[in-house]
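First chain A sits with chain B, and in the next complex the same chain sits with chain C.
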Partner chain A sequence: MTQMIEVLLSGMTQGAVYCVIAIGLSLVYGASRILNFAHGSLYTLGGYIAWFFVVGHYTLPLWLGILASIPILALSGVAIERVIIRPLRASENWKINTIMVTLGLAFVIENGLQLVFGPGTKTIQPFTEGVLTLGGITLSWYKIYIFAISLGLVAALEVFLTHSRYGQAVRAVSQDMQGAKQVGINVNQVFGLAFALSVVLTGIAGILLAPVFLISPLGGWGPFLKAFVIVVLGGLGSTKGAFVAAFILGVLEAYIVFFLGPNWAMPAWLVMLIVVLMIRPKGLFGVWEN
Partner chain B sequence: MTDRTKYTPTSTISSVFTGKGFLRDSLLFWAAVAGLAALGGLVGDSYFRHVFILVFIWCIVIASWDLILGYAGIFNYAQLVFFAVGAYSAAMLSIYAEITPLLSIACAGVIGAVVGALVGLPSLRLKGEYVALFTFAVHLALPPIIQQGKAIGMGGKTGLLGVPWLNLFGFQVSTIDKLTWFWVSLAFGSVCVYLIYFLVLRGRMGLAFIAMRDAGTFAQAIGVNESKYKLLAFVVSAVFTAIAGGIYAHYTSVVTPKILGTEFFLMAMVMLAVGGMGRFPGAILGVFIVVIGNELLRSFDDYRLLFLGIAVVVVVIFFPAGLIGVLDRRKPRLGKR
Partner chain C sequence: MLELQDINVRYGDFHVLHDVSLSVGKGEMVAVIGANGHGKSTLLKAVCGITPVASGSIRFNGDDIANNAAPQLVGRGLVYVAEDRRLFPDMTVLENLQLGAFLPDARKKEKQNLERVFALYPRLAERRGQLCSTLSGGEAQMVALGRGLMSNPALLAIDEPSLGLAPNLTETMLQTVATLNREGLTVLIVEQSLALLRGMIDRVYSIEEGVVSASELGRVQETL
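Entry: the complex of A and B
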């Protein structure tokens, strides 16, 4: 019984991090209608940048490593939008072109990381090795920290989107790009902002999970697929939906891994995706977009 | 309403596709094939033949991918899944059931059709980039499944070794017999590519695909059964790709999950991007350029994959229509998406 509860709690922790990745993905998709296939590699990139600061080159504490990574991640997001996405947005086949180009970018990042850091796995020490024991249930303090940081990020983003001027501009562009242009919103700037936020979110998620899973150059596809399933289940553009979906699916995954083994995680997510699409293509809370 | 002759009869519309230049293009195609066949006989270098055998096998895969992605406009990224299914079915049927290789390749095509339909069915409910993601997820989920399939003889990580050689009218064609393999793969490749580009895509089905891609709602309004033709696109594309997988399995006599690795996927993407989609013979030219270019890059092995990735990004940004778009700027594309 205690083991079941431990699995539940660990699933919830992972769900919280998946939620951060998923919100990053849906932020860009909502604003620009571009599905960023490099989202998972950017998650990996975050892990490697933090590793560079914390283990590889400097020996900063992890929290400082996260802070140092944020500007680099934000700049990468802006650069991706400016250099790769913007020239394609005006083209007639922008949909297929952006899929091709972001997939290509994913492979560039992966192979670049593999060249720079080598194909082996890397790991980062967590903030603390401590363990919390409560009524026979053990939970590492680090997982509690991850949980709190992830929830904090989600809440901060929600406040930013609803209350700040720039956040409202992002939401305006998501809802109606033409209308947003007409009231004088600089759409290019908004896309840049959305990409920067998205990369920062997924990058931080990559750093937070680095001590739990190992970092490897090809490790981003799993989180990417999971984020997508969460976005679909939660409903597009719905933070609340992504939040609920992330917990449901995170816990489900934890139990599947516990009972069947880690090799079944990816096929299980695929099955979940198919089931969601068959039963409720709109998502839990969202309005289905074509 | 009274003057019905004013409307263009359907036959004239379709004849633009099947009729105009059909004979000329076919003759050109088979002349090129004959030229390649002669080239294989004249150049005795076995490495040269090996590279071209790979080119011919890739041609089938890329032509099928072009059919579904370029012509039907369905963002299918599970093409190598069909290839792997074909390779594994042919290998397993010939190893365990001891079916003669040519028959096993045919069976691979049938199994490919089933898998194509299985991947296609959920995709019918999805639109655009969601199809891309779903199909790519299938691609990503397959290697762990193959891993689990070790129990039923799928060989796990090391793959299946010792796939029987091709048996051609009583003659064993070993992997080392490059000349026979050159002609066999050329025969398979040219027939499949001809069927795809000249029969399927110039016929009724191709018209339906292009109509769906360019004006989905309108195509439905004039009676194109969207579900049927989308499913057909998946099945037809999967059958040819699975056949290519079967040929590949018997040629290399080894099948590993490497088929689903980054290298194969990147190669396929670069071929389509470099050649240009939805415009014969763009994709086929792409195959020749990329396979040969990849062999020339062998000495930079560490940077090869990075280079292929950069090639995709750069080509898509600067030449979105690929080589074929650069070559014939005059003609409008067969319809834009």
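Entry: the complex of A and C
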């Protein structure tokens, strides 16, 4: 029983980080209807930027490394939207074009990281070591921090989207782009903001998981695929859906790994994707039909 | 205040508006009347920066604004209320109205304009926390008009406010627009039937297959 609870808690921790990655993907899709295939590579980029600050070039503490990475990640998001995505939006087949181009961008980022940092893996020391034991249940302190930071990020994003003027603008653009223009919202600025937030979120997730998994140039595809399944289950463009789906799938993954072994994790995600698309293609809270 | 000179609009190869010219003076309420599919909505969308203009000039308070982006025009006081309302369905009535005051100038008067909208439509005050996707057609039209007023318009361009509304609601809606006009708001309104606007408008244009002609109000009313 104790073991089952430990697996559940571990799954919830994983789910919380997946939630951060998936909400980033969903946010951009919701606002701009662009499925960013470079999202996983940007997750990896976050890990490498933090490694640069914490291990590679400077020896900042990890929390300071995260803070130093945020402006770089945000600027990367703005630059991707401004330089790559915006010109493509003018083309007739922009939805397909942006998928192809972001896929190409993923390869460019991966190969760039390989050239700069080498093909080998890197790691970062966590903020804290040790475990918490409570009623026979053991959980590492670092995972508790990951859980808390991830939930904090999701809560902060929710407050921003609900209560700030620009957050409301992001929601407005995702619900009716012409309506947003009619009230004076500059939709291009909103796209830039959505990309910036998205890259910051996935980049921070990459940093948080760097001490748990190793950082490698091709390491973003797993998290991207998982985020994609979460977003499809939650409903494309729905942050609420991504939140719920991330926890469901994170816990499910933890139990699959526990009972069947880690090799079954990725096939299980792919099976989940197929099942979701067959049973409920618009997801739990989807805006697909809009 | 608003002057259109030889405006042409095309959707690909389809020529929708042909050399359209019209004007709206400050404080006037001017109507464009025409049947479905003759270019009424396209005309308003072109004026308000939603649809690009192929040629011609649009002057607003003396400045050429043809092909200016819609958000820029809202900042100048040219506000569009669409026939299909274009509300934000998963946001509350209050959030929709607040977004009407998105730009800095409108934000300065947000509280004052919100009180004015709630005074015009007390039902919106009662339903301020309700999602717009759950409103009736009449209530949605009230939010659309209210959101337009929140943008602090100098000229309100309204596209078929009667669309999908019961006759009594249409009359109430148009009476509200007429009241706003009497209080000094300039209005350019598009409708299918002049009968709905009887006694409210100063001048009328008719549009047929994308060609606009100025009509004598009395003569049009007689033909009705």
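FYI, the second predicted complex is superposed on the first by the 286 of 290 C-alpha atoms of A that agree within 3 Å, B and C clash if a C-alpha of one lies under 4 Å from a C-alpha of the other, contacts with A are read in each partner's own complex, and residues count from 1 in each chain.
In the analysis below, a residue touches a chain if its C-beta (ideal position, glycine included) is under 8 Å from a C-beta of that chain, and two chains touch if they have at least 3 such contacts.
Just so you know, these numbers come straight off a predicted model, no measurement behind them.
Counting only touches as set out at the top, which of chain B and chain C does A:184 meet: first, second, both, neither?
second
Classify the contacts of A:270 with the two partner chains as first (chain B alone), second (chain C alone), both, or neither.
A:270: touches chain B, not chain C.
Should A:171 be classified as contacting the first partner (chain B), the second (chain C), both, or neither?
second
Tell me which touches more residues of chain A here: chain C or chain B.
B
According to the stated criteria, A:279 is in contact with first (chain B), second (chain C), both, or neither; which is it?
Neither chain B nor chain C is touched by A:279.
Overlap of the chain B and chain C footprints on chain A, residue-wise?
Shared contact residues on chain A: none.
Taking the touch rule as given, give the residues of chain A at its contact with chain B in the complex, in rising order.
Result: residues 35, 37, 84, 87-88, 91-93, 95-97, 99-101, 103-105, 107-108, 110-112, 115, 218, 221-222, 225, 228, 232, 263-267, 269-270, 273-274, 277-278, 281, 290 of chain A touch chain B.
Enumerate the contact residues on chain A facing chain C in the complex.
165, 168-169, 171-172, 175-176, 178-186
Over in the complex, which chain B residues touch chain A? Could you list them?
By the definition above, chain B touches chain A via 69, 73, 75, 77, 122, 125-130, 132-134, 136-138, 140-141, 144-145, 147-148, 262, 265-266, 269, 272-273, 277, 302-303, 305-306, 308-313, 316-317, 320, 336-337.
So in the complex, which bits of chain C are touching chain A?
Residue list for chain C touching chain A: 48-50, 69-71, 74-75, 79-82, 85-91, 95, 98-100, 102-103, 106-107, 147, 150-151.
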